[in-house]
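Structure first, then comments.
Labels run A, B, C, D and E following the written order; every chain starts at residue 1.
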Amino acid sequence: MEININGLMKDYGERTVLNIESLLFESNKLYGIIGPNGAGKSTLLRIISGLEQSTKGEILYNGCVLNKPILKHITFMSQRHYLLKTTVFNNIAYPLTLRKYHKKIIENMVDEIMMDLQLFELKDQLAISLSGGEAQKVALARALIFEPQLLLLDEPTANIDPNSIKLIEKLILKRNKEKKGTTLMITHNMEQARRLCDEVVFIENGKLKVQGKEKQVLV
Amino acid sequence: MEININGLMKDYGERTVLNIESLLFESNKLYGIIGPNGAGKSTLLRIISGLEQSTKGEILYNGCVLNKPILKHITFMSQRHYLLKTTVFNNIAYPLTLRKYHKKIIENMVDEIMMDLQLFELKDQLAISLSGGEAQKVALARALIFEPQLLLLDEPTANIDPNSIKLIEKLILKRNKEKKGTTLMITHNMEQARRLCDEVVFIENGKLKVQGKEKQVLV
Amino acid sequence: MGYIMEGVKEAFNLLLSLDREIYSIILLSIFVSFTSTIISAVIGTPIGLFLALKKFKLKKMVTRLLYTFMSLPPVVVGLFVAIIISRRGPLGHLGLLFTPSAMIIAQTLLITPIIMGITFNNAKEQGQEIRQICMTLGGNRWDTLILLIKEMRISILIAIVTGFGRAISEVGAVMLVGGNILGHTRVMTTFIAMNNSMGNYSMSIAMGTVLLVISFIVNSILYKYVVGD
Amino acid sequence: MGYIMEGVKEAFNLLLSLDREIYSIILLSIFVSFTSTIISAVIGTPIGLFLALKKFKLKKMVTRLLYTFMSLPPVVVGLFVAIIISRRGPLGHLGLLFTPSAMIIAQTLLITPIIMGITFNNAKEQGQEIRQICMTLGGNRWDTLILLIKEMRISILIAIVTGFGRAISEVGAVMLVGGNILGHTRVMTTFIAMNNSMGNYSMSIAMGTVLLVISFIVNSILYKYVVGD
Amino acid sequence: TNNKIGNQILDKPEAEDVTIIEDNGSIILATTTSTQDSGLLDYILPRFKEETGIEAKVVAVGTGKAIQMGVDGEADVLLVHAKSSEEEFVKSGHADARFDVMYNDFVLIGPENDPAGLVEKGDVISALALLSEGNYVFVSRGDDSGTHKKELGIWKDAKIEPVGDWYISAGKGMGDVIQMADEMVGYTLCDRATYLAMRDNVDLKIVVESDLALLNQYGVMAVNPNKNKEINGEGAMTFVDWILSEKTQKLIGEYGKEEFGQALFIPNAKK
């Protein structure tokens, strides 16, 4: 999915926290979004995901404004993810249940991603009792499983251990290689941005500072 | 404060998530706690902080079991920190208010730490409206401000940008150098552990695997 | 004080006596309050959730009105319903006055705002996050409603328990629209009120004890079912 | 239907008439319900918080009993209080029966479980985290209580609003222990009930309207004060 | 000036001006809903306060409960209408004596068009006998009140046991029962005073009246002051003396003439 942002502004009261004149995310590419705390990165993703309204400006998704059918193909993994009060399995299966997949298929898909992320042993554990990193993995699995055309990830590996980070990066890269959709990923880990991203966007004080191939930006 | 752990066990139902035969944290040293997701790191810190009961075993704080006066000198910054529904200033000032410091002194102390962490502009903002990293900084400031003898930090820089991480590490190191108390810090950032810690403890599957000077452990 | 001891003793006699009249009063109470609680929950929960999550003009006003309607006095609701369904009222031809249906209508009016208000208040705190999760994972409105109910089940339970408690214990409305007719519309509370006015205190206390026991059982069952422990 | 229109009109007349009797009824209602709500809040909130956060044996049992007491029937509470404070009762020498104090006592008994129950339920969900924060930052029990009240102010508000709504709208208890004595213990609801049985429907509707208006104003003020908007 | 104040109160009998009257304590008067619902007490009681300085606090309940309150010593004085229960009350030592105060009569009321044709019957026993055949609704107080006892007495005299769908046992006060009868297009037995006070609100008319069996005698009793130390025995006696006094009796005889064109109660205290 191609995202075209034009004259986007977001104010909270007096303060303008986001002010982006123009920004293009091309189809099936993996973008890193970096910048200091409070720069407006999460706000940008929340607006793209449709969770928040911008004060001004326009976002086009493959040339259209946001509507219900498009919304179905977007997902957003928030910085403070919320897991449902049920088991790990049910949490990951939830987007598929919403899409009324067959029970057998759901089971296979969930099992597969749980294997990939080494979550299988936690299958029947209640999500509220997970450790921080485990919970983050589950939230990520839930976002990845239905293969959205636009995947918005807000610091998805912040609480993950180094080994698991490798697994997750492998999954994300695979998705990118198979051209299953566009990915925007916020991270504070510059190494990670370098490893993964086709292009990096640097935001500061709500403004777009640099956009480009990672090497140029990450100096 | 010296922490002496003996035969500590924690079970959830059938599962034993923590099983540490013996572990010593010496006074005024800075320890890194590392290990994969779900290893039991947060559980260990929660038990040391008195928030959770162990199933078995004993912890001695300077030779005593936990009691109210000791508790007053321990603080714990959780992975999922909770900020009070008030301003940033009031959040950071809260531990000092509890200790009935004079208003003027509180103001000076809070201002200073807000400066150190570059939070000053957010002074009067409501804590609920902070960005992820900003909130984490506030939670950290709140834990550091009353100079506890035992500081327990659970992934304190997970959502922090690289520049701010430097500021925070400087503050933590300063505390360590001035011998203001013992610090236990969970982190998934091996570089960080190497940079900061006097000693590193590696936990896996609830068991203590290695303890030692960082270089030996972090191979 | 003697009345109270005596009343508790009498409560056992009442229950053990197997008196058909007493049992039909108890069953009618349960039936009426249950039905109105179910109707109120079906109406009040979704609307409460909707109001909490939707942004619209006048929301503040609606919130306050909702809280106000939580304190609708039973006697006023009863009178209002009685006027509507009385012979001369707009729904008079249905012949509802002094029937259990009338009592259900009145109680439903009384407790719907309570269930709605408590649900509303809880959803304002926790609901937004749940709604957003459902939306970002591809759910539509209906999915959102279902998910909200599932995730907030404990809060909704307390709303329903509060509503049921109000329904089974109130007397002002059912007295007016039911009429306390022996064998037809006499329920536990009107029975108690009547015995009070007859000076039969121990009988009142006895039935009051029965009412509390029933309330306890209903709460325990609901609680077990929803919280699962 | 005519009664309802007429009643609303009459409500204005009632308020504008500046009739001393009417005003004293309204003021007494407000005074009694306010006082009992305040007492109940002072008792019910801390205990509700405490029960929610403390682990102890029989907690499940206590929870269910608490929910049960949320459905205490006003007529039973009224009768119970009446027996205790009647001349022959243990507190008879205080001469409380048929006084506003008696009404306050009865209402307090009635709504304390409601405030306690709703607070309890909300604290079970959000309270643990707040308690832990206070503890890790060096607060004692008293600090914890204060912080819980501050952080949960909106939940506690709804508990109190629900309690106040119940108090000002109930008739069963105040009728029994107050006696609806003109100039002494006649409150809005007993006034309405009396006019109902005298067939003065529009007078009932009028006073009912006044009651709702007062409820609205009280809710708005509380809301503004607590939520701050 | 005293006279002037009195006039003011008479002009507006429901207003109770506490501030200008000296305070001599209070008594609790337990009475039936019919005396309160008819408006009589609101009419005469301000006068009592004015003359004696004693405040009469009225608790209007069913006769059954009023008498129970007397037995329990919760009330100081009773004004009720169930002669046999009252005599029983005195016999058991709960009061020294009972005095006739006034009477009115019960009437059988029913729908305007009198579908059962009770008007032709003329006497209450045959009227009730006709009702018991079951085609017309009869609403009974069913609450152990004076009126209810009276009604049961008449059924007994008629040797009929009132059971069936047509016989509605309401367990409610007089005003409520009249409204129920109106709503259900049925008949009921009630005291004339309450009926007159409420007739504008309902479509009911008197179908049987002036039957000797329907006389409704009210009595007053001061509760035995030995029951507990809270009882205001003196105040109670003052009230009894006052209500039996010539002046008050005259006042009672006047109540309702203006509003209803007839007196609601006929005073009959024996001097």
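Note that in this section a residue touches a chain if its C-beta (ideal position, glycine included) is under 8 Å from a C-beta of that chain, and two chains touch if they have at least 3 such contacts.
None of these values were measured; they are calculated from a predicted model.
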Worksheet item: Looking at the contacts, which chains touch subunit D and subunit E alike?
Response: C
Discussion item. A-C versus C-E: which interface comes out with more C-beta contact pairs?
Written reply: C-E
Worksheet entry | From subunit B, the most remote chain by mean C-alpha position | E
Discussion item. Measuring between Cα centroids, which chain is at the maximum distance from subunit A?
Written reply: E
Practice prompt. Report the inter-chain centroid distance for subunit B and subunit D in whole angstrom, where each centroid is the mean of the CA atoms.
Written response: 45
Response to the item:
Rounded to the nearest Å, the gap between Cα centres of subunit C and subunit E is 36
Discussion item. Quick check: how many Å separate the C-alpha centres of subunit A and subunit E?
Written reply: 80
Worksheet entry | subunit C: positions in contact with at least two other chains | 196, 201
Response to the item:
Residues of subunit E that touch two or more other chains sit at 172-173, 176
Worksheet item: Can you list the subunit B residues in contact with two or more other chains?
Response: none
Worksheet, complete the sentence: Chains touch in the following pairs A-B, A-C, B-D, C-D, C-E, D-E
Worksheet entry | subunit A to subunit B touching residues, read off their complex | 12, 35-38, 42-43, 79-80, 122, 129-134, 137, 154-155, 158-165, 188, 190
Practice prompt. Within their complex, state which residues of subunit A touch subunit C.
Written response: 49-51, 68, 71-76, 78, 82, 84-86, 94-95, 98-99, 142-143, 146
Worksheet item: Quick one: in the complex, what on subunit D touches subunit B?
Response: 129-130, 132-140, 143, 147, 150-151
Worksheet item: Which residues of subunit C touch subunit D in the complex?
Response: 1, 3-4, 60, 63-65, 67-76, 78-80, 83-84, 89-90, 114, 117-118, 121-122, 124-126, 154-155, 158, 161-162, 164-166, 168-172, 176, 188-189, 192-193, 196, 201, 204-205, 208, 211-212, 215-216, 219-220, 223, 229
Practice prompt. Under the touch definition given earlier, write down the residues of subunit C that touch subunit E in their complex.
Written response: 86-87, 97-98, 175, 179-184, 186, 190-191, 194, 196-201
